Each structure stands twice: as C-alpha cells, then as structure tokens.
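Below are two complexes that have chain A in common, paired first with chain B and then with chain C.
Presenting the complex of A and B:
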C-alpha cells in the first residue's frame, strides 16, 4: 500500500482491530456460556430443543468418522450442483446478453422462477434418478444455483458503462471484443456476488435434499435419523458440521473473488 | 398504457407456450430416441403437461377434487409461512433499528447475523419442528402450523436484520448532517431519513425471505410429517407416485405458484411503499 498520508503503525492498527472486534468476541463467549449453562440450567431448555454445547462437542468428537463421511458425500453433491448450475447459468447469460430484447423480456420470469420452492421438487428428482442416486441432490442444488447466477450475470453483462462500449466501438472493436474486454470484466462483481449466494444455496439443496433419500450416510440423513432416535446432540453436531462447510464454501468463493477482482475498486478499498 | 399491458400479456403467453413446447419437446425427443441420460423419460418420470392440469379435476381419496384439496393444503401452508414471515420481519426490523442505535451491540452481534447467511439454516427444520412438538405450552404442544411458522420466521429474521442495518447505515451523510444542523432529534432522523433510505434494502431482504418462508414451511411440514399442508401432500403423493405421478406434479405446481405468489405480494408492497423507482423493477 502506497499512500502519502502517515500510516498508522502496525501496533496501532492491531489495537484498532482488537477494539473493533472485541464486542464480537465477548458476544461469542457469552453465547457459548449461555448455551452451556444459562439455557439448560437456569431456563430449563430441554435437550430436544437445544442440547448443551459440551454434549454437542462430545457428539462431534465421538462420531467424527460418521460425520466426516457424511459431510464429504454431501459436499460432493453440493459442489457438483454448484458447478453444474452456475456453469449452465453463466453460459445462458452470455447467450441472452447477445440478444438483449429476448433477455429483457425473459428477465421477470427468471426472477419469478427464483421464487419457486425448488427443494420441494426433491421427491420428483428422486423418481427420476432413483432413491439412492446422488444425482437427484446434484440436480436440486444445480437448479437452486441456476436462477440467481443467471439473473445476476445477465444484469452484470448488460449494465456496463455505455461510454466504455462507445469507446470500444470507436476503435472498431468487434462485438466479441466488447464482450471480452468490457462486458465480461465489468460483470464479474455481479457474477461473484451471485456465486456466493449460490454456494449457500447449493449447501442447502444438498443437505435438505438428503432428507428425501439418497445415500444413507449423507449428512442430511444423519441429522434426520439422529432426531428420529432422539440423539439430539448428534443431529446438532451434524448441523454444526454443515454450517462449518457452508462457511468454508462461501469463504472459498469469496477468496477467489478477491483474487479475480484485484483490480476492482470495491476490493482495493478493503485492503 | 393499453399497448404496454397488451405487450405484457403477449409476452406472458409466449413464455408459457415456450415452456410448454420445451416440456413436450423434451419428452417427445427423449421418449422417441429412448435416451436414458440424464434419466429415462416416460409418463411416470415426466407426465404430459396437459395431463397434469386435467388431473386437477379428478377426485382424491379425501373425496374432494384435487384442485380443491390442493387449495386447502396451500392455504394451510400459506398461513404458517405468512405468520412466520410477518413475525420474523417485524422482529428483524426492530432488532436492526436497535443495533444501529448502539454501535457496540452492532459490532458484537452483526458478524453472527451475517454468518447466518452463509450456513444452511433451513437444515434445522426437522430438529425445530420435532423439538417444538415435545414442548408443552398450557398442557399441550403448540399447534402444527405454529411449529412450522417458527421455521419461516427465523428464515425471514436473519436477512431482514442484516439488510435493515445496512439500509439504515446507508443514509446520505449530507442529509444526516443537514438534519443535525436543524437540531433534529435522533427519533426524527430515524423515521424521516434513515428508515426511508433503508426501505429498498429491507424489501430486497423481504423478497428473499418471502420465498424462503414458503420453502421453510413446506420442508418443516415434510420433516415432521404434518399432513394438512402442501408439504404433507407432497409426501403423501410421493408414496403413491408409481400409481399416480400426476398428483405429485400438480402439488409441486401449486407449491411453485404459492412461492411466486408470496414473492409478488412483497413486490407489490414494495411498489406501493417505495415511491422512488426501485432499480430492479420486475
């Protein structure tokens, strides 16, 4: 970072950071303490609503093999759906951006399609691929990812600075070059914000899709069967694993975003 | 005006026709060539679109025609989703307002509310619905639709809180300074400046939450085997899918309409409340 203003020293900056994040750390500690003692002991919250934190951690440790195996199965479903759905969506957006009137006319319908409870279609995809196939979950995750990525990519491709396009035209750039040098780069922030949303949706699609069938070891099945057997700590541990996976998936996309958008003001401001 | 409406109607019909053609064309091509990738197409896996519509006139085991049965189920699901949505939205909004007033609280809580947006909280549905079924309030567990609406409300609560805070903090600094220079009180600044400038953000969250609450209600019903709603109907018809696949398709068709309906209601409310043209006009 090169700047003419006097930069605060490293210690000063560290101190600022600590002061800024201190409340979050305190809340984290208080939250854990409440989970461990206040809720079960003082408020009498029963195990079937929220088991004690230490019980959940114990379940997490004791059943780590089962949980990790399930997590891996479910993650593969989510990731497959994410790649498939986002890939098809980006390709479709590129096509629709070439035929603007067509894309504009379809836009409201694509947005409305996003309001369809797609996970509710899991029983149908099970009928398509067979109850035990991972493909039903991949399909659900892919369709969940498809619409937000399509809408946002199209929005990004079409909301470019008209002056840049005009400049390109004045250099006699072909439509293809305009796409490569202007439209696609300036659509990237939109694409990545959609991909971040899609990473969450893919996880939801995979875990919740598991509830309707599939490999008996998948993470969603662990949640459900543990609830049925009243092993509440195990199901919370599985939820915890799913949450950590969700955060990691989201974080990975965010990291790629920061790398791909190094040149973009929104990223540079943050660093 | 009339021309615009006419154009919209024509587009709508074209889209509908296009979808129908895609559906039937896909079915025809895959059946004709007997392709089994990605899945084998026949009347069981992909019934004719018109056959699904005609199925609505058939009577179900309850004695009602399917269309009426599904409307009852949709209303049950809609009630859970709407109550949960309203509750979550109100609580989320007020929490957002409180957190913006107290910066320490905001810094303490905001990271976790944001993190909630990156984890599959819908996956909690079975635990929450079953768990609440074991609670006793006044001698009996809460009614089924209340347990389901809890899911809809927490799915609504988190995005509304996040976006309320973002929106309230997005108020134009010049306008804020102007208000201060008139010695406007905090309350006035909040209602006259901050809340109006937060509305577009809040509606973005509400649109996401509208769909999520319908999804939450359906998944909640399914994982707890509550049979009166669309989720229950999906489970039930799924069991008899081999005998009559069209019932399940029709139920999912209603679920889709319910989700879109919720979304459109919020969209309409946005158009009424937010006078400035929203940037993402549908």
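Presenting the complex of A and C:
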C-alpha cells in the first residue's frame, strides 16, 4: 500500500519552511554581530588578527575587480582539477571493478595514497610545469580529488547485492549489461558523496597552490600579497570570496546529485 | 527416460562446497514434467535453495547433470528459458515498477512499444494497476514481490524458479499471493519449481511435493498432491488437504527426527 498524506497548503508549507530555517538564520545573524562588535569592541581583537565585518565588506566592494579576476582564475584551476581528477578516478574505478584481481592488487596502495598529504607536492609541481603555469595547480587539485573519488566509486561499483547480479545472469546479461544496468546506477550515491568532498578539496588545492606560484592575479596570491602589505581587510575579503565560491561549488554538485538521484528514497522523501 | 516431455531433468547430481568440504547435495534424481508445480521442502541445510540455483545455472554442480528443456542448464540460461524469483524481491530502486518489469524485455532487445504492451499485461496479471510509475521502496513487501513475479513472467519463460518467494511476508499476504500465483500458473501454463519451508504452502500450491533430508541433502520422498484444480481458499479446509499436510509432515519427521520440526517452527516464526 502506498502512503497517502494530506497535501499541505502553500501557506502551511511556507510556515513550515520558516520554522525550519529560523534558528539557522538567527545563528547567522548572531555570528555576524559578534564579528562586527563583540570581538573588536568587547574582547579587543586587533585588526591584523580579524578586521571588522563592515571593513571586510568595504574591501570587498572597493577591490571587487581584483577579487573577481582572482576568483575566476582560481575557480578555473579548481574546476579543471576537479573534472580531470574525478574523471580519471571514475574511469579507473570502472576498470578496477571490471577486472577485480587487478583492483585487489592496487587497492591497498590507493587507500594508502589517499592518506598522503598531497598538498605537500605543491612546490614540486611548479618545478614540473613551470612557475607561471596554471597546470601545477590544476594537477594538485586533480590529485587531491582523485583518491577519494576512486575509492568511493570502486566501493559503490563492487558493493552490489549478489542477487541483483545473479538476476542479471539469469537474463544471460553480459558483464557490460551488469555494469550499465546494475553496478553503475547503484554506485551513484557513493560517487556523488565523493564528488561533494572532491569539490571542497579542489578549491583547497587551487587556493593553496596559488601560494606557491602561478598567475600573480590568482585569489591565493591576493590573500598573500594583501597580508604582506598589511591590507588585512582585503585578505579577509579574498578569503570570503574563496569561501563563497567553495560553498557554491559544493552546492552545484549537490544540485546535480539531486537531479541524478531523483529516484533515490533519500531525495524523494526530503520533498 | 524421456527427455522430451521433461522441462527439468536432474541426474545423479551432487554438490560439495569447498575442497573436501560440506556435501550440500548427494545423488539427486528428479524429473519435472511440463505444466507441473513442484515444491522442494526440507529443513535448513537440506540444500533446496542450492538445488534451485544449480537448475538455474547460478552455481555449478560438482557431479551429475541438469537438463532444462533437453539442454544443459548453461545453454538454457543463455536462451533465457527460465524466470527466477528470490526471497528478497531484488528490485532496482532507480527503476519504476514498469521499468523493473521491462528489464528482461530490454535484455531481449524488444522495442519500446512491444515492451509497454507486455508491461501493461503483466501489471494487470499481478493486479498492480496505478502503481506503474512508483518506485519499489514506495510499495509494501507483498506488492514488491508481485513486481518481482511479474518481471520473472514478463518474457514468458517455460520454467519459473522460485526460492521462498513469500518467506518474508506475513501469513495473510502469503495466502493471498498463493492464490494469485496459482491463478497465474493456470493462466500462463508455465512449469514451476518452488522452494519453501512451509508445509501447508507446499501442499496447497503443488502438484508434487519433494521432501528433502539434510546433511547431505537428498530426495527423501515425493508426495503427489491430488487435490482438485483450481484450488481456492476452501481447498485448505478439505480433509484431503489435512491428510496430505500430515503425510508431508511425517516424511519430514522421518528424515530429520524432531529436530526438523523445531527448525521449521522457528523458521516460520522468524519469517
């Protein structure tokens, strides 16, 4: 039997939404207020440690051209790395899931590699690609994305209920069919949770990569040079831009996830 | 031995799991004629599910032969001679009810129009009209199992292999689906091999009940069921029904003493 619930009216739903989000909005407001007044006025936090919120917003407005240019450069690096790293990881996971002995032989190293602080390679990649090349940062972002996506995708592809595969066998399905119709769809929830993590890692990789070279206009460089010139508000404005960009990137991946997994119970029950 | 009239012909079949390990089945001989409804019943460890899986070429026998429609089991599987239903419905969450039923038809390369027409017939057969666009997790357990049966029947296989399909359902749903299955069996004229550990279910459904003994699994006795067709809810109240239930119960006692009955009782409670 399917459960039939009474459909709430539009106003009821709006009221529900407001009640649900109100606490989060209040916390947000309190946080900003603390940043603006509590920290500098009551606790005496100096400007070079954390400038007032209003100063940061002012820097954001005044330096918007520089910040947007930097953001665009850094976003391209992060996005390129994300696409490259995740794409190669998904392709590799398909190969390793298809030929299991191969996968089993490589898996321990993949998991070990996942624990390597890849960001430590940032100065080295400059030597590989040249100090001014964006590819050094794309590479760092890509390598950061690669391992979590690979490990999760492989887990998704291989942790399929054996009876689902037996059923496909009973239809004389080829290995290709089993992948297309069972393994790949059932791995998607795993893939998307990895892609969300990867979107965050790609941003970190690109911004930290900026510190070690590449275009002088990139967002990481803006943070660094503003600090060197004691323009702390500008540094914080750049950090704010990087944060908003990171959240937007994550949100975009989450939106694609909701569309791709619209059949999934967790998505349908949420609405 | 006349292979021509037998849908399933099992000769000297044995199955040993692992090297020199557990003997699951020993010296099984069984013929299933066209249009028969044969139940395999026995306590846990009698190898009834294993036997079904060997007939379906999901696992290979250690010794002996299985012929389905006069062909080796492997050939029969590749020719899609049988439909299989497991205890779990094994539906794919990303497919709607209609698309789950259409899955084997897609594998057979049927075109869209032909698939849609067959899906309509199948939905009608298992009485799920109005639920075509639902996803499996939006249905009750009994409805999910009906989808699974519709899927197994969608491509009109000569043989239906059912492994405790109603084992996880409550008694009421189970009795209703028993009747529904008999109606479908009569309408489609298919041959059924049905694994169960419910004595009354086996007697009610079958034309023959095969009683198996445990460790190693063998055919202990075969009880022909001469209850008139078509069977209805009233069949369960006929004296002949009780006589046959008693006969099957006594056969089970004979093979595994009282331990069997206790196992059956606990399994029924768990189910």
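We take it that the second predicted complex is superposed on the first by the 267 of 271 C-alpha atoms of A that agree within 3 Å, B and C clash if a C-alpha of one lies under 4 Å from a C-alpha of the other, contacts with A are read in each partner's own complex, and residues count from 1 in each chain.
The rule we apply is simple: a contact is a pair of C-beta atoms (placed from the backbone, for glycine too) under 8 Å apart; a residue touches a chain by one contact, two chains touch by 3 or more.
Since the structure is predicted, the reported quantities are computational estimates derived from the model, not experimental observations.
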Fit-or-clash call for chain B and chain C when the two complexes are aligned on chain A: fit
C-alpha centroid angle, chain C to chain B via chain A, nearest 10°: 100
Contacts of A:116 with chain B and chain C, given as first, second, both or neither: first
Contacts of A:177 with chain B and chain C, given as first, second, both or neither: second
Partner chain in contact with A:263 - chain B first, chain C second, else both or neither: second
First (chain B), second (chain C), both or neither touched by A:161: second
When both partners are placed on the shared chain, which of chain B and chain C touches more of chain A: B
Contacts of A:20 with chain B and chain C, given as first, second, both or neither: first
First, second, both or neither for A:220, with chain B first and chain C second: first
Which superposed partner A:43 touches (first chain B, second chain C, both, neither): neither
Touching partner for A:250 - first (chain B), second (chain C), both, neither: first
Chain B versus chain C as contact partner of A:185, first or second or both or neither: second
Minimum C-alpha spacing, chains overlaid - chain B and chain C, in Å: 18
Complex contact set, residues of chain C against chain A: 53, 56-58, 77-80, 82-84, 86, 88, 90, 92-96, 103-104, 106-108, 131, 134-135, 137-140, 143
Of all residues in chain A, those that touch chain B in their complex: 20-24, 26-28, 31, 46, 48-50, 105-109, 111-112, 114-117, 119-121, 123-124, 126-129, 135, 139, 196, 199-200, 203-204, 207-208, 211-212, 220, 223-224, 227, 232, 235-236, 239, 242-243, 246-247, 249-251
Residues on chain A engaged by chain C in the complex (per definition of touch): 1-2, 161, 163-164, 166-173, 177, 181-182, 185-186, 188, 263-265, 268
Residues of chain B defined as touching chain A within the complex: 11, 15, 38-39, 44-45, 104-105, 107-112, 115, 117-120, 122-127, 130-132, 134-135, 210-211, 214-215, 218-219, 222-223, 230-231, 234-235, 238, 241, 245, 248-249, 252, 255-256, 258-260, 262-264, 280, 282
